[in-house]
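The two complexes that follow have subunit A in common; it is paired with subunit B in the first and with subunit C in the second.
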Partner chain A sequence: MMQELLLQNLPALLLAVPMLGAFATPLIGKASGGARNLWAVAIMLATLAVAVLLTAQVLSTGTVVYTFGAETPDLTVPADSGGIPIRIIFTVDAMGAFMALAASFVGLGVMLYSFASASRSTGQNGYYALLLLLVVGILGMVCTGDMFNFFVFLEINSLAGAALVASRVDKGVAVEAGLKYAVLSTLGGLLVLFAIALLYGQYGALNIAVIASRMLFTPLDQIALVMLLVALAMKAGAVPMHFWTPDAYSMAPSSITALLVVASQASLYGVFRVVFTLYGLTLEYATIGWIIIILGVLSMFVGVTMAIPQKDVKRLMAYHAVSQTGYMLLGVGVGLAVLGNQQLLDTYGVIAMEGGIFHIINHAMYKGLLFLTAGAIFYRTGTRNLNQLGGLGHSMKWTMVFFIIGALAIAGIPPFNGFASKLMIYESVFLFNPLLAIIAMVVSILTLASFVKVFHSIFMGPRLPEYADVREVPAPMIIGMALLSLLVILFGVFPQEVVDLLITPAAGALIDQGGYIASVLGGA
Partner chain B sequence: MLDAYTLQTGTGFWDPVVWIVVFLVAFLIALAIWLLGEKEYPRDTQAVKPFLSGNVEPEKADVHMRAGNLYWGFTEAMKGYYSRLVPLHTGVLNDYVLWFLGVMALVFVIVGVAA
Partner chain C sequence: MFFNLPFIVAALLVILGIITMLIKRNLIKMIMGLALVEAGVNLLLVSIGYRAGGIAPIFTSAPDGVMVMPTVQAMTLTNIVIGIATTALLLSFVMVIYRMYGTANAEKVRKLRG
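Right after this comes the complex of A and B.
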């Protein structure tokens, strides 16, 4: 009975658990700091468990629909509502479940890492509460089937993220970075809200499935599409709207930066959900596909070339995050560009999309790992300046090993996970347009060059006198990095398992607009 | 069994397990060659010191290559590119907003024309 009730309410629990955890954290923190930390980790573990169960449910039974406030969760359209699903509905398909799983796992790694990395900071009650709220925002964005609800979770995501960016007051610079992030997020959020209003004004509904089923692609729909696309691409850090990322990513505590990467990916998910599910074949898919591809190529190239001359290790990594987002945009953009041509979609479009989606989870793992290693360096040396660092390989061997794993993965070196997803992108994109694939490969080479520089600057060389006393970071930080490293390796060694289990269903869910609509409206 | 681990990429495939086996074999061969090397060389003599044309070897910390010295040639060769790209990253919020709005206006035009 209890088990059945639990399984029936997994989508609600996925949000309720971290939300309860967030609001209770400051209260528990009043009693004991240790209890608060254990509570936060326990909540994140429980959230991950719910995400795993929900993903298993989605993969075994198909899209899970959950109607809040209804007599039964699957009662999406009440008898007296005129055929409109008036309640808030979560629609968790394979793509949403995939994103929720990735976010929960990174969240757990970050939480364990924070145990030690945040231990010397003040304001930990707020830190852990906001961290859990950020997780709530991400999970809500990827699970909801309601446009307004999506906006609400986007705002939770943005507010918690901005507060966390500013949480380490560093001569006011962190506050400035948080303010920039907040202003741009608010502007983006306003445009998303305005776009939703346009859609609501035309179709009288907020549910994604209902709007998708009625979509006519009128001029107003086109305006709404542009606002949604550009605002969410900006939140994802696409060039040339990426300027906030090096500021915010470098000034946030490293644990938070790792989760901010996932928060940006939730916005990327929003882009994909809007173009594939909300608009689908009604839009000019070739034009929008090419817009996404161009944003992707710009992000890849500008991101990596801006990373190379950076002296601040976190700014450098932030530019690489921009660059890697480009791969995802490129892969999925190619899939969208050929969406209306079944033959091309089957030949390379689906593989390109799978490569782009696979890169999302791979990037979440290795980029999260790299930011955590940067945090470990800062934790022990107090600097992020590559010109001041050196010789730490003598004293921080575990951190160095984790850094090597992350660096090789992001550079697309086999057998790590970045190689698998990049290979899928290269080969499929080459069939679409060889020049794009060549650019993607050149960017990978530059990425490797950049991380060789970072590796040399931080770890190689003789032990420097100023870091003579430096020792390895505490165990919780090592465990957090080890968790992500393990997945980077496993996903790299068994890529087809991951693709079969998570990626192919996710790409299929994005393409199958009819299936999404039918899951909510019952084929109506 | 290996097929289960082979990533199908549409037009090709990638087998990480085979790659790891080949890597391990190459590593073992390299290790074997290394083990065949001279083990009893005099460690604490001039034999292990670098020869710098008769100059005294500086302290190790003094010759550590810092990040700022790396890829100077690359950035110098790309000076024309960087001189345009780097100044765009002003750090000023107003500029960030302008870029955002500018991109949105451009995409409006593209989508409008295409439709």
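Right after this comes the complex of A and C.
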């Protein structure tokens, strides 16, 4: 009975657990710091458990819908509502479940890492509460089936993220980055709301499935599409709206940066959800597909060229994050460009999308890992300047190993996970347009070059006198990093299993607009 | 024309707000621009929800049970609340920046480069 109740309400629990945790954290923190840390990690573990159960449910029984406040969760269209769903509905398909799983896993790694990395700073009660709220924002964005609900979670995501970026005031510089991030994300959020208002005005509904089923692609819809794409691509950090990423990523505490990467990817998920599910075949998919491809190629190239001259290790990694986002846009953009053509879709479109989606989770793992190693170096040395660092390989062996794993993964070297997803992208994009695949490979080589430089200047060389007393970081930080590197290696060694289990259903769910609509509105 | 007036005003407010954010150098004025954008969006939402001769969804004032569904009004209220939280957070950021840098001029608040 209890178990049944639990399994029936998984989508609600996925948000309720971390939200309850977030607001109870400061109260528990008043009593004792240790109890608060235990509470926070217990909440994060519970969230991960719910995400795993939910993913299993989605993979075995198909899209899970959850209607808030209805007599039974699957009662999406009440008998007396005139045929439209009036309640807020969560629609968790394979894509959403996949994102939720990735987010809660990175969240757990970040939480463990924070025990050590945040232990010397003030305001820890607020820090853990905001961390959990950021997770709530991400999970809400990827699970909801309601446009306005999506906006609300986008705002939770932005506000918690901005507050965390600014949390280590750092003579005001971090607050400057936080202000920039908050202003841009709020403006983006308002654009999203404007677009939602335009859609509601025409279709009288907020539910994504209902709007999608009535979509006519009028001029107003096109304006709404542009607004949604601009705002969400900005939040995802795609060129030319990437200028906030290096500031926010470099000034946030490293643990938070790892989670901000996932928060950006929730916006990327928003882009995909809008073009595939909300608009689907009604939009001129070839044109929009090419726009996304061009955004992706620009992001890849501008990101990596801006990264090479950087002196600050976290700024450098932030530009690489922009560059890697380009791969995801490229892969999924190719899938969108051939959406209407079943034959091309079967030949390479689906593989390209799978590569792009696989890259999302891989990126979350190895980029999170890299930011955590940068944080570990900053934790012990107090500087992020590459010119001042050196010779740390003698004293921080574990950090060095984790850095090597992350760096090889981001450069796409086997047997790490970056190779698996990049290979899928190269192969399929080459069939679509060889030039794009060549650009993608060149960017990968530049990425490798850049990380070789970083590795050399941080870890190689003789032991420097100013870092003579530098030791390895505390155990919680190592555990957090080890957790992520384990997955980096596992996903790299068994890519086929992961693709079959998670990625193929996710790509299928994005393409299958009819299935999404049917899961909410019923019928075939 | 008259029927479209609220929509035109809403779009104007949004555009004015964005222009304010772009040309003003004082951080507080930039945030005021953001508040203008928000007001424009709220106005758009409320005007979309307006039904001429509609009856407010209060059971005692709708004798035959026909009422306006207040979805958009609820959205506006939610957005106002979110707006308050955002503005408060942004203004507190400006406060800290002013305390640390001694200025709220966006041209001087530029320690992050590259």
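Quick note on the criterion: the second predicted complex is superposed on the first by the 523 of 524 C-alpha atoms of A that agree within 3 Å, B and C clash if a C-alpha of one lies under 4 Å from a C-alpha of the other, contacts with A are read in each partner's own complex, and residues count from 1 in each chain.
In the analysis below, a contact is a pair of C-beta atoms (placed from the backbone, for glycine too) under 8 Å apart; a residue touches a chain by one contact, two chains touch by 3 or more.
Please read these numbers as outputs of a predicted model, since none were measured by experiment.
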Give one word, clash or fit, describing how subunit B and subunit C relate on subunit A after superposing.
fit
Using the superposition on chain A described above, determine whether A:247 touches subunit B (first), subunit C (second), both, or neither.
both
Check whether A:497 is in contact with subunit B, with subunit C, with both or with neither, and answer first, second, both or neither.
first
With the two structures laid over each other on chain A, which partner does A:123 touch: subunit B (first), subunit C (second), both, or neither?
neither
May I ask you to decide whether A:155 touches subunit B, subunit C, both, or neither, giving the answer as first, second, both or neither?
second
Contacts for A:201 in the overlay, against subunit B (first) and subunit C (second): which applies, first, second, both or neither?
second
Of the two partner chains, subunit B (first) and subunit C (second), which one does A:163 touch, if any: first, second, both, or neither?
second
For A:34, select first, second, both or neither according to whether it touches subunit B, subunit C, the two together, or no partner.
neither
Subunit B or subunit C: which reaches more residues on subunit A?
B
When the two structures are overlaid on chain A, which partner does A:183 contact: first (subunit B), second (subunit C), both, or neither?
both
Can A:219 be said to touch subunit B (first), subunit C (second), both, or neither?
first
Superposed, subunit B and subunit C have a smallest C-alpha gap in Å of 5
Kindly list the residues of subunit A that each of subunit B and subunit C touches, one partner per complex.
179-180, 183, 187, 246-247, 311
Within the complex, subunit A is touched by subunit B residues 4-12, 14, 16-17, 19-20, 23, 60-61, 64-68, 70-71, 74-75, 78, 81-82, 85-86, 88-89, 91, 93, 95-97, 99-100, 103-104, 107-108, 110-112, 114-115
Show which residues of subunit A lie in contact with subunit B when the two form their complex.
179-180, 183-184, 187-188, 191, 217, 219, 222-223, 225-227, 229-231, 234, 240-241, 243-244, 246-247, 284, 287-288, 291, 302, 305-306, 308-309, 311, 347-348, 351, 355, 386-387, 389-391, 414-415, 419-420, 423-424, 427-428, 431, 449, 453-454, 456-457, 461-462, 464-465, 492-497, 499
Sites on subunit A touched by subunit C in the complex:
86, 148, 152, 155, 159, 162-163, 166, 169, 171-173, 175-180, 182-183, 186-187, 189-190, 193-194, 197, 200-201, 206, 246-247, 250-251, 310-312, 315
Within their complex, subunit C touches subunit A through residues 14, 18, 21, 27, 30-31, 34, 37-38, 40-41, 44-45, 48, 69, 71-72, 75, 78-79, 82, 85-86, 89-90, 93-94, 96-97, 99-101, 109-112, 114
